[in-house]
Amino acid sequence: MREISYRQALNEALNEELVRDQTVFIAGEDVAIYGGAYGVTADLWKKYGDERVKDTPISESAIVGVGLGAALTGMRPVVEIMYIDFIPLALEQINNQAAKIRYMFGGKCTVPLTIRTEGGAGRTLGAHHSQSLESWLIHIPGLKVVMPATPYDAKGLLKSSIRDNNPVVFIEHKMLYNSKGPVPEEEYLIPIGQADIKRQGRDVTVITYSRMVLFSLQAAATLEKEGVSVEVVDLRTLLPMDIDTIVASVRKTHRVLIVEEDCKTGGTGAEIGMLIMEHAFDELDAPVKRLAGADVPMPKSPVLEKLAIPDPERICQAIREVLQ
Amino acid sequence: MAVDKQLALKLLKQMMEIRQFEDKIMELLARNIAEGGSHLYAGMEAVAVGAISVLRPDDYITSTHRGHGHAIAKDGDLKALMAEILGKKTGVCKGKGGSLHLADVSKGNLGANGVVGGSIGMATGAALSVKMRKTNQVVVCFFGDGATNQGIFYESLNIAALWKLPVVYVCENNFYGMSVSVKRASAVEDLSRKALAFDMPAETVNGMDVLAVREAVGRRVEEARNQFQPSLVVANTYRYYGHSRSDPRVYRTREEEKFWKERDPIPNFASRMIEQGVLIEQEVTELEEQVRQSIEEATRYAIDSPWPEPEELYTDLYA
Amino acid sequence: MREISYRQALNEALNEELVRDQTVFIAGEDVAIYGGAYGVTADLWKKYGDERVKDTPISESAIVGVGLGAALTGMRPVVEIMYIDFIPLALEQINNQAAKIRYMFGGKCTVPLTIRTEGGAGRTLGAHHSQSLESWLIHIPGLKVVMPATPYDAKGLLKSSIRDNNPVVFIEHKMLYNSKGPVPEEEYLIPIGQADIKRQGRDVTVITYSRMVLFSLQAAATLEKEGVSVEVVDLRTLLPMDIDTIVASVRKTHRVLIVEEDCKTGGTGAEIGMLIMEHAFDELDAPVKRLAGADVPMPKSPVLEKLAIPDPERICQAIREVLQ
Amino acid sequence: MAVDKQLALKLLKQMMEIRQFEDKIMELLARNIAEGGSHLYAGMEAVAVGAISVLRPDDYITSTHRGHGHAIAKDGDLKALMAEILGKKTGVCKGKGGSLHLADVSKGNLGANGVVGGSIGMATGAALSVKMRKTNQVVVCFFGDGATNQGIFYESLNIAALWKLPVVYVCENNFYGMSVSVKRASAVEDLSRKALAFDMPAETVNGMDVLAVREAVGRRVEEARNQFQPSLVVANTYRYYGHSRSDPRVYRTREEEKFWKERDPIPNFASRMIEQGVLIEQEVTELEEQVRQSIEEATRYAIDSPWPEPEELYTDLYA
């Protein structure tokens, strides 16, 4: 199968959905002429023009509000918030409006709105361009939250997100845009809400998502040489969470490490661990362990940034601890 | 603008419906039949009724925390609205929204909103949608004077002016945001000046005069519909009750209240219509009685309606 | 000891700190003439005038921004966000600016800013006036998060929050303002970061905070009649969390129920449960259980609202389940 | 405004420092010695230098994502700034802030900001603080044209105008917010019109002319200091480099870039000073060389400086 980048996969998903459905349009800062801060919307403006690929003012709150209004009235917008760090500017519109409106209105409307954004550290951009705030978003009933790790998942899940009749926050990772992987030429969709076992294993389960999937797979490969068989569960969707896949894996390995890049306290890992406690306590041979980002704003300094998030080596070490 | 009998009766009826609806809710709150907060629209009827009277049924509005008036004027069903405010299963939102979230998307009412300024972005997006779908619809976006200090108000007006969207922003200036007067909250007292930041046409209108509102918004709606020209209309008006049930209204004087009540949009419009020979006294009295009955009916309906089933807690979340 | 209301206790705390420190001032919507939506700032404007008790425009984002700027430059502001539901409007300023600035600037400044707000359901106000969003806030390193349940704690913790040189979000509960309790006449402080055992017990620990403390105490009283001894831990501060008190209680009872009003997924309960897993797994005789708000926007209807949050009866039932 | 030799040398020196600092960083980025993003101020020097030249040392500024220029003009230490941008322990923020968070509160620089518009509220609050503390200080708040579309910009200007706060808002209009031109982002091209919404005095100034900026901001700062009169000054200017390292600048023409480079604030100011007999050619050349050396020194210092210790990951969080 051909290999393309995560960026390219996302770009294809957008292009295909723009072709398929005339109600789809894109709006966000620098998405048109510039093609997106990370190049995800490259060339779409040339093809579809201002009418369907819209540069917006730097107005995050209104970007989501406008997307929501359009979604409520017959369109299927894909809006972009350039960095997840700026999601707080739009969070009132996401949390109070987009996610709640259908329920508040007694189910009498739909909100087919996709909000694309990106997160994560790794480019030494400091505290305002390196966050991972997904745990806020999983705390918003009415929303779906998708966070793909591979080009294949990125394409299939973005297409599903756009077609979903609910508001979806689709979170990319800045360090994945250049990563490559197999993506079929023919069309496919990946259902929202299904985790994927990226590597089968017997001794321990690593539950993770986004860039940390890649690091966890590296760690698993390292540990294989030590005779440790690591299963890597890529959640792909954080809300709704695929508890069945998680529990099945715990039943198999009885030991769990959760790896997340987001800072630890109040992170998604807490929810995952607590779900395991609730659904599979008796299956556990050891406490579930979290390896997460440090509970600090992301420091600029490259040496500190590396220490602030998990890396393959520390994942190995944490797995060893879980196995003891 | 000439007003024929049919129109006069329609405007008067809607204003009476709103007034009596609100008075009834005040009563239900006092009797603990209605629970929770309710921001009442009494006094401001001419704004919702005048503005919405120029719209097509398929045009959109967005509303506010003070949304009963807009909902009624946008062809809302009195029974379903009253039931919603009581939190009943038969409510327009199945009892899940309540006073702060009255909505009926099928009738073009994109909803009341518990967040001041919360629907201004949405209105702007609906206007983008109708422009893209080429349906010739228009959006009227209601909000209060207080909302003009929210960031999203400015962000949205900028986008509407920049992209030429068919939306008319109607600011209901009742001179207070809760207890804080416009003077104490806004650097400009003439709120229409805020549109200058976007080169957007704006004007101020007497919000106690249903025909004045109708005329001004009517003109602006036509510009929006035919030329994609957004605009801001500031309607000066007054709310009769406190901000919410518990408000002792210490921030305003009884004289000021009296001043505005003398300009009550309902009797003033009625007597003008009588003076002009469009209506006769008896028609007005009959109408009032008819409205009284429909409000009573709606109230009975709402009170007699069942509560939502416990299972409904979890329905209607995802599509 | 005299008994006063939670509202009155807060009002006294504000008044005493205004007297004590000329750099303290109050700003927020309707805090001056009106005395606050829930009356907490009553009469302070009459005493201190516009200079120190400031009505603001409805501009949540700027309210926090202005507070932050003043805090950075020699003042000690207490700003109010009327409902926690509107915190998202100011979350960029709280998360990116107020909480991170000291760290980003290498520790070369302090941010003595208190943000008062209130949350919780119970008044059938619907989805925009009934939320409990504290779990977002505990996910913000650099912030402190305080959530008192009693008049005594409210007063002592508000005074400590105002004197703290870090940004503190102080979350009151709308259903507690009228609740009464003993509060000494003389001045006292309660340190931020210390949980309080509101009731000693042997058989099971209930970990909770804010209004749910009262419900949990009611449940404990009911269960006492059935011979069950329930310990109720009131966290009081959610960030930093008092893990020592939690673990000590778990060591004693070996069974835990977490009760929170906030909706479950991604809530504070997940973090508490996961901390117990990490610090006291071997002490557990049963999985930690969560009783939390339903994962839905708060419905208006009084019958549904009651079902959407825990009540004493359901707490009793959940405790019985933990004991099985 | 008469300019004496000392002032001319100071202004010229700071502008040269900024330009050479930015050129050096471009070089360090290319050589992968500097990592991450850097938004460079080259081309815009006259704005920071002109505006800050009228301030007292204890006056405050707030800065932007493009903050090197402001930091240098506000008496920043070149070594500590350069070290910060490389993320070194000796940086002004101990390597924790980086380019996007350069700050030195002790010198009145309340910091660069990674969020567009993120410091406008803060500047307004600092102005409230100085007014309450009666210290007679003034705040100058810098932001870009793009930031004038952010809600907090309007919320803050309203509060400043309403409360009469001693703050001068300086909009650095370089005609683009990243790739989006003012024309495509703002309903008004004349950004000073945005102050009309708050009855706030505003004016536009040639941001390539350090003396013009100095004169305009100087006047406004005095109004702020003496009359608590806030204002908005829009300085039209241009950034020479792309928005960030990876920007191919497809959204603007090479002719346009040429037009602005012909108006370069540094040589233009230098020759004007020479023409007017305030400076002589040689002084300019010597100054340039002196600046070159200090930038080299700062660079060497920064490169040779140690990284933060691993433990520092957890320090400086809480006071």
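Which chain is which? They are A, B, C and D, in the order written, and residues in each are numbered from 1.
Rule of thumb we're sticking to: a residue touches a chain if its C-beta (ideal position, glycine included) is under 8 Å from a C-beta of that chain, and two chains touch if they have at least 3 such contacts.
Predicted model, so just to flag it, every value in this text is computed and none were measured.
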If a chain touches subunit B and subunit C alike, it appears here: A, D
Chain at maximum distance from subunit A, centres defined as averaged CA atoms: B
Length of the line joining the C-alpha centres of subunit B and subunit D, rounded to whole Å: 46
Subunit A-subunit B separation of Cα centroids, rounded to whole Å: 40
Separation of mean Cα positions, subunit D and subunit A [Å, integer]: 36
Inter-chain centre distance, subunit A versus subunit C - centres from mean C-alpha coordinates, in Å: 30
Touching two or more other chains - residue numbers and ranges from subunit C: 56-57, 59, 61-62, 85-86, 89, 92, 96, 103-104, 126-128, 141-142, 296-297, 299
Residues of subunit B engaged with two or more neighbouring chains: 93, 95-97, 101, 113-115, 118, 149-152, 155, 158, 162, 184-186, 317
Category of the chain touch graph - line, ring, star, complete, other: complete
Subunit A residues within the subunit C interface of the complex: 85-86, 88-89, 91-92, 94-96, 99-100, 103-104, 126-128, 133, 135-136, 138-139, 141-142, 239, 241, 262-263, 265-271, 273-274, 277-278, 281, 286-290, 295-297, 299
Partner subunit B, residues of subunit C touching it in the complex: 29-30, 33-34, 37, 55-62, 85-86, 89, 123-129, 294, 296-297, 299-304, 307-308
Contacting residues of subunit B [partner subunit A, same complex]: 60, 62, 91-97, 101, 103-106, 110-111, 113-115, 118-130, 132-133, 151-152, 155-156, 158-159, 162-163, 315-319
List of subunit D residues in touch with subunit A within their complex: 35-37, 84, 87-89, 93, 95-101, 113-118, 146-147, 149-151, 177-180, 184-186, 247, 250-251, 307-308, 310, 312-314, 317
Of all residues in subunit C, those that touch subunit D in their complex: 23, 25, 51, 56-57, 59, 61-62, 64-75, 77, 92-93, 96-97, 101-111, 141-142, 144, 165-166
